[in-house]
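Below is one structure, written out as structure tokens; comments come after it.
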């Protein structure tokens, strides 16, 4: 039941998400000694006009 | 002001979401004795390559 | 894998949370025809100075 | 490291989001005396069939 | 129905949160031309061992 | 700007969180080829009466 939510800028391939899911799950299992089946990961992809840093939209940088 | 966020795999019909909103709202009102108007529900639909369980993407299962 | 996050003002009893978990889970199972074991619910309790509506803290109302 | 997540009904222009990012960032900087570069904002746009208030979908109102 | 979630390092006073709620609400109302009563803000305070940047806990910096 | 939110049952040591932050950050950097400084991690610890699976509170299992 570690539940992980990851916000990403859009544009990742399915293969990158596949590797991300594997590696993040392993990182959690190793750190917390929980079973792999307990780990859920939600990825959310943001358009570049839906993220801002220091008051500026990502698409304006 | 119970605010509810629900993550779902994509592919639900509007009618399913309509029933979900009604039933979840009623469940909260009955459990917490709060007014119906206080309940907000956000649904977020995930592509099957944006959810992973046990290190595997949902689309790979 | 419906994953539910519920924000509540603090002060609910364990019994209220127990009923909430049962009823919200049943509402989701009935609406989406998913197995009960697929439903996870996270409750987060807010202090009254950590929620605001219409620009006013809940503790100031 | 104030990290802000804002849920909106879809349909805002990029210019509205640009102004929102600027104004919300400034509001946080002024209130908390933190540097502008520390503020991240995530906007999430909801379809009108993905938000409910008082048990009713937004698209049904 | 803009719903705002703000993650903060713990240690803000109630007065700081009061000002934050007022200013962020006004920023949203001005940017999106929505009524003040539609804006909800959830603040979540993190202990310094519950936030990490660049792989390091905040309490270790 | 990958921003990660992790929900955990309470009871982890600071050392476990330190390792978690390091390993999850590395997992993201390796998967997405982003700089380490871009990764933020928020951990949220849940009491066992604030998490439910299959309609049952964690504290009742």
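Side notes on the structure shown:
Each chain gets a letter, A, B, C, D, E and F, in the order it is written, and its residues are counted from 1.
Following the convention adopted for this analysis, a residue touches a chain if its C-beta (ideal position, glycine included) is under 8 Å from a C-beta of that chain, and two chains touch if they have at least 3 such contacts.
In this text the structure is predicted, and so the values were computed from the model without any measurement.
Considering the contact criterion stated above, the chains in touch with chain C and with chain E alike are B, F. Looking at chain A and chain D, the chains in contact with each of them are B, F. Interface of chain D with chain E: the two copies contact each other largely through the same residue positions, with over half of all numbers used appearing on both sides. Set side by side, the interfaces E-F and B-E show unequal numbers of C-beta pairs in contact, with more at E-F.
Chain geometry summary: the mean Cα position of chain A and that of chain C are 24 Å apart. Centres computed as Cα averages put chain A at a distance of 11 Å from chain F. One simple way to say how far apart two chains are is to compare their mean CA positions; for chain C and chain F this gives 20 Å.
In chain F, the residues that reach two or more other chains under the touch definition are 1, 3, 7, 26, 40, 42, 44, 51, 53. By the contact rule set out at the top, the touching chain pairs are A-B, A-C, A-D, A-F, B-C, B-D, B-E, C-E, C-F, D-E, D-F, E-F. Only residues 7, 44, 46, 49-57, 59-60 of chain E touch chain F when the two sit together in their complex. Listed in rising order, the residues of chain B touching chain C in the complex are 1-9, 12, 16, 19-20, 23-24, 26-28, 30-32, 51, 53, 58. For chain F in complex with chain D, the residues that touch the partner chain are 1, 3, 40, 42. Those residues of chain E that touch chain C in the shared complex are 14, 17-18, 21-22, 25-26, 36-37, 39-45.
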